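There's a structure below that I have some questions on.
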Amino acid sequence: MVNTTIDLGRGLVLRNPVMTASGTFGYGEEYTDFVDLAQLGGIIVKGTTLHPREGNPYPRMAETPSGMLNCVGLQNKGVQYFIDTIYPRIKDFDTNVLLNLSGSTLEDYVKGAEMVNELEKLPAIELNVSCPNVKQGGMAFGVTTTGISQVVSEVRKVYHKHLMVKLSPNVTNIAEIALAAEAAGADSVSLINTLMGMAIDAEKRKPKLSVITGGLSGACVKPVALRMVWQVAKAVKIPVVGLGGISNATDAVEFMLAGASAIEIGTANFIDPAVSAKVAVGITDYCKRFGFQSVIELIGALEC
Amino acid sequence: MVNTTIDLGRGLVLRNPVMTASGTFGYGEEYTDFVDLAQLGGIIVKGTTLHPREGNPYPRMAETPSGMLNCVGLQNKGVQYFIDTIYPRIKDFDTNVLLNLSGSTLEDYVKGAEMVNELEKLPAIELNVSCPNVKQGGMAFGVTTTGISQVVSEVRKVYHKHLMVKLSPNVTNIAEIALAAEAAGADSVSLINTLMGMAIDAEKRKPKLSVITGGLSGACVKPVALRMVWQVAKAVKIPVVGLGGISNATDAVEFMLAGASAIEIGTANFIDPAVSAKVAVGITDYCKRFGFQSVIELIGALEC
Amino acid sequence: MKQVTDFILVEKRDYGRSVLLRLRAETTLPDIVPGQFVQVRVDGSPNTYLRRPISIHDVDFGNNEITLLVQQVGEGTRHLAAAKEGDIINVVLPLGNGFSFPEKGERCLLVGGGIGIAPLYFFAKVLGKKGIQPVLLLGGKTETDLIRLADYQQLGDAFVTTEDGSLGEKGFVTMHSVWTERQFDKIYVCGPKPMMKAVAKLAAETDAWCEVSLENLMACGLGACLCCVEDTVDGHVCVCKEGPVFNTRRLKW
Amino acid sequence: MKQVTDFILVEKRDYGRSVLLRLRAETTLPDIVPGQFVQVRVDGSPNTYLRRPISIHDVDFGNNEITLLVQQVGEGTRHLAAAKEGDIINVVLPLGNGFSFPEKGERCLLVGGGIGIAPLYFFAKVLGKKGIQPVLLLGGKTETDLIRLADYQQLGDAFVTTEDGSLGEKGFVTMHSVWTERQFDKIYVCGPKPMMKAVAKLAAETDAWCEVSLENLMACGLGACLCCVEDTVDGHVCVCKEGPVFNTRRLKW
């Protein structure tokens, strides 16, 4: 028997290291025909902002080599709607439900975090300070150490459960940003959010996305994500949650070897809606094959 | 007839917008069986440093989804060897031959540039301040505005021909870096160099590259490269040379629409050693099909 | 209930730019209603990363078979069209909501343009079974675009337009004489957006109720990613989940 | 002169984990010498971005044919092995330097391990034509690894080892009795690195001259990218261009 439990700290204990990434798994409900959510460590719901947002105009996605761009732009009905309407529907899922909290102003983040602090069945928020798809998507906070310190420490003051901070890869020095988040009180960091990219229709001489640029995700970003997870895991003491292009159990193991304590699956859910549960099984199989008693032994086990 | 000439300024005039990227086309000689170099706007030779370098240990490459990582680490025989032995062999190629000048210290860059300043048939250097694969590969210069200002302005003092500065994509704000290069006297900027990435062999629990991290290139990086070219072209007044994942003429046209005055082809040369000449033909065909008289009309012609 | 299923390609018919793919599952099919679609994984196509949404053209519940009609427009559909009988094709189904059924006695017109005729086949067939004989109006650029015309003609009165006049009346579907000669209570449309908009306008002018099937770019197909949105009176809604069939009154056209 | 050529797969023979692919060009083949290799583009394999280096197993200049022996180790070689007769396979050739030819009268041993036997076939054939009969020593894990053994036996005295003893002498090639029974002037080796190192050591002990064919990871195959380097007495050199065949004295083993 392999022990698959991962304790990310401050009450966030995962049944196994596999979570689903925000914006790619809806509210979990969309996937229950394919995945028994009890087989997952957690699900992270769609990016939610204090106030409702209509998101960007269509078209919002473009396929790219081994990946895709999106510019959804944080379409959501706001934190209050989440609390009133969505939370009651999903709170009894037999897995950890995390809210991905996005924002544009410091006040929005703080207000939002405060509002969900008391939700009994919501053990953590993933603070999204890295959305590249809206002008005020928080990426301004996510790309400087001062920005991230500020938003994390303010949210920390009002939010008393597990505070995971999601980092942007669109930076010169990701370790520095992660250290700032840690110093400001983050319980864990998750990375990467999408890389900012662009696609052009040469025939029409127009951008393929309504707002010109978007976030790149999928298998193509894996090498960059893995490098950043490795850099951050070496730098910080808090747990690191790795994501970016994970498509199968081998990919997931690679992220854990690089130093991730848990992982998230994003775009791959679109290609195989049952992939998340398969990855969880596959990690256990890997441990069995190599004689690891606990998935914890994989964390940072890369021999350099 | 389509006019394909591109004048990048200060004496660097290309027969057409297509060049080959440093480190992917050797010294041109390796490709003469496949490509008539007279069909290219220019070739940019392997990254050359003042002193000879053995580069990194094997293994130096790993395949990734729609791309590859490399950590060659600037293996080369030094500027003097280039001048004495390679330059005489390649100077009479019927195309522009550019030297990619890499370095680790300011003095090395300046010394190297000075040494090649008088080479009659070398109209330009591409200053590589962005190699992610060696500790002192110049990336330290390439990721801050002060670093880039310093190296470009010092080299500018001694180098009187076309000075192209190759930018690193591993930065928070590429436009800012490009503006600093422009202000310091660059005649053009080329981008992107490789994105820093990593690959792991899960079976062996070891990095796939000898020095752990390497540079990501190939089709997978195209969305990021295109976005950065677009951002930089909007910001600077000097010509922008676009590269990163260009695999065919459509890709090349996309970079020009995004604002590039010329393009470079890198990793794609490995997949089809004849691709560079095909791209040159394909750009002309595109112009004919849409009634453009000159490739110049493509530059920045994106309708946003 | 939705499922991911490996189907076997049991029959492929070539219609030039389009192919018909008859797929058989080893397991029982879920419930499927006309207008729903599937997401097909395209194997062996290096530049096709995401699944491709394709309408359900026909269903044979007895044999656990679905039929797709695929038009080759890019690398993904080209690879699908190159599949060989016996190949495994991985499909997520059924997705989206179908057409709403008319009341008995209501006069229905089904308008299809180009490959947009695909979902109308299954719809017309089911309508027939319910005792409703629809009128079909099918348009194409040229004769060869009108795939399976004889089969469609079995399902109701079928009228045709081609832009080059090679078959039926010359022109667009909106120019066909059936519009002046007959009256309809409900109009169902699938085809290129400009065509659907034109038909929607005609429908509005004759006070007919009108449903269209949209083809927005999709990633998940499940209502999870919010990529496929259409602007409606209720804001941005997902075509994959709340559509692909919409009453035109809901759309901000 | 190197070229990129579309070949037609005219014959495929299945040897379990390995396949033999006979490829015919429509144009005249360039000069090719034993020990050279090709870079094959693997179509329809989404995770194979770069070409794959494969040794030239045999050449038929008269029919413009080359033959490859491909062992399935990953997705790229699996896709190659799945190619069907009539398929087009795009190849860059010829690459690298071949084995150096022995002088007449020199006693040659060709040692192949696993799929490393591939280039030795063409080499032994050409040696034979030059009037030099090589001795062949071929090793595998088990019997079925020794592909085309009867054909190899036509080209010289052929000895076999298998790790499980299912064919020939049991053990590694370096343990075969031929080493004690015969003397060789020149030894040519291709196989897994540990095997090549062991043979090189044996060769050095008997003062024999020894050439090995290396299989470093490659990107360009043309000496342009410097990815495939081996550490030699002259520093890092490209296996694709200065090799794949090296005299062991040059290597820092």
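Note that the chains are named A, B, C and D in the order they appear, and that numbering of residues resets to 1 at the start of each chain.
Convention: a residue touches a chain if its C-beta (ideal position, glycine included) is under 8 Å from a C-beta of that chain, and two chains touch if they have at least 3 such contacts.
As the structure is a prediction and not an experimental result, all values here were calculated from the model.
Touch-path distance (fewest steps) from subunit A to subunit C is 1.
Rounded to whole angstrom units, the spacing between the C-alpha centres of subunit A and subunit D is 47. Inter-chain centre distance (subunit B to subunit D, centres taken as mean C-alpha positions): 36 Å.
We define each chain's centre as the mean of its Cα atoms; on that basis subunit A and subunit B are separated by 34 Å.
Taken residue by residue, subunit D touches two or more other chains at 46, whereas all remaining positions touch fewer.
Shared interface positions of subunit A, i.e. residues touching 2 or more other chains, are given as 64-67, 218-219. If the chains shown are joined wherever they touch, the resulting network closes on itself as one ring, and no chain has more or fewer than two partners. Chains that are in contact with each other form these pairs: A-B, A-C, B-D, C-D.
Those residues of subunit D that touch subunit C in the complex are listed here as 44-46. Residues of subunit A that touch subunit C in their complex: 23-26, 30-31, 33-34, 46, 54-55, 57-68, 70, 72, 75, 218-219, 267, 269-274.
Those residues of subunit B lying in contact with subunit A across their complex are 64-67, 69, 143-144, 170-172, 195-200, 202, 204-207, 212-213, 216, 218-224, 226-227, 230, 245, 250, 253-254, 257-258, 286, 301-304. Interface residues of subunit C, counted against subunit A in their complex, comprise 1-4, 41, 47-51, 92, 216-231, 235-236, 241.
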